[in-house]
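The structures come next, written out as structure tokens.
One chain, chain A, links the two complexes that follow: it is found with chain B in the first and with chain C in the second.
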Partner chain A sequence: MSGLPSESSRRRSVQRTVTGYLFLSPAIVFYLIFLIIPVGMSVYISFRKWNMLVPLSSSTFIGLKNYQDLFRDELFLCAVKNTLIWAIGTVFLGMLIALVIALLILNIRWAPFWRFLVFAPVVTPLVAVARIWGSGIYKTSGGMLNSILAMWQLPPQHWLADSRIALFSIMSVAIWASIGSTVIVFTAGLKGIPDEYYQAAKIDGASPWHEFRHVTLPLLRPTILFLSVTGLIGAWQAFDLVFQMGAGGTQSGVSAVKAIILLNVYLYQTAFQNLRMGRATAGAFVLFLIILCFTFVVLRVLREGGVESYE
Partner chain B sequence: MKRALTIALCLLVVMVLATGGTQAAKTRLVLQTHWSDFQLEGVVDENGKLVSKGLRQYVEEYMKLKPDVEIELQSVPMEEYLQKILVSRSAGVSPDIYIIRSLWGVQLEDSGIIESPPPALIEDVKKNYVPAAVEGATINGKIMGIPVEVGNYCLVYNKAHLAEKGYKAPPNTWDEMVDMASKLTVRDKTGAITRYGFSFLAGWDSAVVHPFLGLLWDMGGEYLSPDYKKSLLNSPEGIKALEAELELFRTGGTDISGSVWEFPQQKVSMIIMASWYENSLKQGLGADYEKVVGVAPIPKVNKNINAMYTFFATVDSGSRHKKEAWDFLAWFTAEETANKTTRLGDLMVETIGSVPARKTDLENHPKDLQDLYTKTFIDELKNAKHEPNMAQAAEINTILMQEIVEAWHGSKTAKQALDDATKKINAILAEYY
Partner chain C sequence: MNRTRNKVSLILNYFLLALIASAMFLPFFWLVSASLQTYEEIISIPLTWLPSSPQWSNYWEVLTSPNVKLGLYFKNSFIVSTVITASVLLTSSMAGYALAKLRFPGRDLFFTFTLSTMMFPTFIFLIPVYYILRRFPFLGGNNFLGQGGSGALSSHAGLILPFVVSAWGIFLMRQFMMTIPDDFVDAARIDGASEFRIFTTIIAPLVKPAFVTLGIFQFIGSWNSFLWPLIVTTSAQHLMTLPVGLRMMVTAYSTTTVQNRLFAATVLGIIPTIVIFLALQRHYVKGITLSGIK
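Up next, the complex of A and B:
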């Protein structure tokens, strides 16, 4: 008699577990199909020579050669360097400019209007942005920027063709095109800081700089952390703007392809133009590791000093 | 009411079945091409009347002739063509017919994507096409398709610009061209070029590699060893060829922002361009076309020679309707009309403005092929040399383009650029040969 309750409770427990897994099964199947299997396949492909024109079963196992070739490829190393510059530049410089704009907008009249104005580029399609900047503002002959330089008797620049400045030219467009959303997030962060802290700081005789340094900045840490992590992940995956503005290559007339190539553009070209799917997949893993390291470093740096919400 | 509804439903079912039945009986072919716009839809005048037929009109003509065949046209931009083939193969929705650049032929043949034409068509190609086109359609020693277009290069110049500076004729030698380019270049007070004496186009492999290959061969150099095992680009001839290009930059005849696409806006005086550009020039220049456009052989250093490429039509090896696909291609490319020309020849000459590859098409379109633009291209075919059809050709050409552009930018010397190109290309060739 004493065994009966424990048997039924065991059965109930099994039933509960099975029911739980049944409820979980759609999510498990989803992750299997869209995450686990593709990642597993990618690992497999990164060790093989495969051009996608033949079935994967006809591909050849080549061990770590794809990874070795990757690090011997000058263009890949260029792409890593460019993407590093791009990520740091667009994210941190973009955040700095956005913070200044957010602070200005918060303290001037018609704030919603200025916010709208700053946000407008975010909702403009990137293809249109690339076209306007590439064929209008950055055009060497008769372009807006060179016309301004001409008024100051300064020599014209090849904004997109000169390999020394082409990447920075496109980075400026990327910052301009995305700054609106960063301003909005900063504005929300700034509005979330209670006035009492500023009043207390004023009573203690703090200057505006001290208020910013010791009140605003520390309390914006969660916002900065959020923007840094999401921004860096996005920046390492940048593709469309740089592809549209020249790294896409064909018929673009933009000659500084090597100077502006980013990792994702390199991966696209390696996979779909050079038909080296194995090497491209190996590159994707390197990209994954880079993003992981960057995210880890940013989290460590910003957690120091306490960002409780992200602990 | 109920009865009427039943009858209506029955009629609907019959109609659906009938339509479905008709569609099921049709053979559906998909033809993929890099042609677009007027090349597909034809040229229309200002009243919307069709002036010359595009590919679609020929396909419609065939479908009327063969009501059991339905042909769908898929236009893919040139730069995306190879990946489109790749993606559609992976997805199991490959087209039946391709019009592809011969440069991709080795990869596609090695992977078993394309197949050789039926014996009768192979014989027709061998017998009736210009040798360079046959060479272009020959992959790994086998004819893998029907040549559609041969493209070679000439110097296209602005007659008005040359006359303005007192030049009565286009340059004959490369040195003359370098000298003329710097004199034809116009700058504003800040030093910005407002009109280029000469312009290359960076960022597009053909526009960079083909003019360089012409110069390389002119100097007596070679691209690859005969067995395709080695690149010979960094030979003294290769370095001299690139130095000759760099001279245009050094003397101010061009710069890195120049673009061949600005010729129709009359912002460039001289370009090295292919034959297919004719209609774009006509459309861009309008009434000024004849006044402005002049064509001459590429200025030589030692001998006249120009690079050449081929496009050929072929059938996917996985097509379920190979016979129908080759039948259509035979009708389109080999069957002669009353004018002793083929439909493809008419399309190439009258609408696209390109040079056809079939001898009868070259002979029997005197009006169009002897016009001010195309005549020189036809004459220069005798001096044309086909680009090599090697494995990973697209990747190799991109590497060469990038290295040449590095030299244009001044980031590398001609020797450094070609040494680097050779090293990278040799590593690729070692994988395949």
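Up next, the complex of A and C:
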């Protein structure tokens, strides 16, 4: 026994570390240029008045003014409120509907056909989705929904211009457009539940509702947790639909904009239309804080009393 | 009594299925129909479900119109999505291999960092990234200090560079490679194969399904991406991708008498991703379930 093996094993571990970082190097360089340095710059920008037209070095330091301005801006507060409604509404209502669909098509014939049907909107560009709903379904005169209302002698609605319902109209589109992937994740979760649990429930004489409530739902908890966390992170940053069906639209008045504006649309307008880079980055940090808080809360709530506590 | 209840629930089942089917299908049907209608049919009340005679000329007009550069939008979208997809496949599989099959200090920290980046809102780095790309030295007429021109933002590079690495891709590849038994890798190591050789000759062929899944996801995702191309192409119209181009057509056409062309263009814009999805549906579904379960 000499020092040789440990010597060579140390050499090997150094070599392995070098190899590991070589494999990671593209990602590390990328993170540095497009993530770490930019986030650092954002912190800096959020304390400054800057319009992007002059070099960043000639911007002026204004302390916390960007953050103060944000909370004095009514449009920003509307955006925060709408984004909360949007995220919670689209994610949890979407999950509820998706679960119903997943249960309905679980053991059905032609499953791939049904899967394609609910999934087609997911791969469709949202520009096209916005067009279909904006000019087909929600159109005020001669649109699909108002034609149905007319059949029942009901007055037509301004689905996208009426500030009381516009946000919910667009949220429905968002649910329609994204429900396919939720259905598929639920389908996988449902298929992962072992049959024995259902057989045991049958023997105990459980009704379908009891079976769902005490077998299916608890065992789906990891799936629900995953869908809530990823769904919310995406939903906080929704942009395309609202930008195209409302805020970026042509005929919406100011009150309608307040009713539907979302944080990412607000940040886009603040940065690239009003050229207030400082205020926009400050807003991004507020959004980050919201995302962090909600992710934490969802993890806490849904992890407590998970599958383990039923076993 | 039990039988009547079964019957009721069966009828309810079929009713719900019919409702779902029409809610998912009718909007698409209407779009295709509208793309073949005359202007009078499009603005008619009540809604026209079927054109009296299909106006195929709508498609012809939108494809040959000098104002709408649909061909250019397709080309840009294709270049950008293909290059992003290729580089994401490469960078994700490399990082995934290191995270799944190599042991070295800092590995787990890197993985945690990668996961946490998924929580970062886009706008936290978007403005500096725009600035950095515009100030990229030696590109787009810039000097070595990054001044004078529009940097990487005047070429496809501006649309591609911020997306060449994907945290989700790294995560997916790692998960997939974790399922490959270590024995394969260890046996090759004993035979004296280098890690690079193991990666290219053993691991890469084994994770082919993951490549397909990630590839489709990334391609469709890039094809449909909107916010960044919108920002970049506002000042570089020759780079417009399909979603942004369609969006521009909407603002130009939606109130005019040629809006039927807009619907034809929208149908054309939907076709590529739908075809890809139809052809590779199984892999796409697998990607979703793979990321969802573990």
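We adopt the following convention: the second predicted complex is superposed on the first by the 268 of 311 C-alpha atoms of A that agree within 3 Å, B and C clash if a C-alpha of one lies under 4 Å from a C-alpha of the other, contacts with A are read in each partner's own complex, and residues count from 1 in each chain.
Simple rule for what comes next: contacts are C-beta pairs under 8 Å (C-beta built on N, C-alpha and C of every residue); 3 or more make two chains touch, one makes a residue touch a chain.
Just so we're clear, the structure is a prediction, and the values are computed from it rather than from any experiment.
In the superposed model, A:Met95 makes contact with neither chain B nor chain C. Using the contact criterion defined above for the overlaid structures, shared-chain residue A:Val127 touches chain C, although it does not reach chain B. Looking at the shared chain after the overlay, A:Leu104 reaches chain C, while chain B stays out of its contact range. By the touch criterion defined above, A:Leu225 lies against neither chain B nor chain C after alignment on the C-alpha atoms of chain A. By the touch criterion defined above, A:Met52 lies against chain B and chain C together after alignment on the C-alpha atoms of chain A. Touch criterion met: A:Leu275 reaches chain B, while chain C stays clear of it. Using the contact criterion defined above for the overlaid structures, shared-chain residue A:Ile233 touches chain C, although it does not reach chain B.
In the superposition on chain A, A:Leu262 makes contact with neither chain B nor chain C.
Partner contacting the larger number of chain A residues, of chain B and chain C: C. In the superposition on chain A, A:Ser141 contacts both chain B and chain C. Applying the stated touch rule to the two superposed structures, the overlap between the chain B and chain C interfaces on chain A comprises residues 52, 141-142, 150, 250, 272.
Residues 51-54, 74-75, 140-142, 146, 149-150, 153-156, 158, 161-163, 246, 248-258, 269, 272-276 of chain A are the ones that touch chain B when the two sit in their complex.
Listing the residues of chain A that touch chain C in their complex gives 13, 16-17, 19-21, 23-24, 26-28, 30-31, 33-35, 37-39, 41-42, 45, 52, 56, 100-101, 104-105, 108, 112, 115-121, 123-128, 131-133, 135-137, 141-144, 147, 150, 176, 181, 184-185, 187-189, 192, 222-223, 226-227, 233, 236-237, 239-240, 243-244, 250, 264, 267-268, 271-272, 277, 280-281, 283-285, 287-288, 291-292, 295. Residues 78-79, 82-83, 85-87, 89-90, 107-108, 111-113, 188-194, 201-205, 207, 255-257, 259, 261, 267, 392, 394-395, 398, 402, 405-406, 408-409, 411, 420, 424 of chain B are the ones touching chain A in the complex.
Of all the residues in chain C, the ones that touch chain A in their complex are 13, 16-17, 20-21, 23-28, 30-31, 34, 43-47, 90-91, 94-95, 97-98, 102-107, 110, 113-114, 117-132, 161-162, 164-165, 170, 195-196, 199, 220, 223-224, 226-227, 231, 234, 242-243, 246-247, 250-251, 254-255, 259, 262-263, 266, 269-270, 273-274, 276-278, 281, 284-285, 288-289, 292-293.
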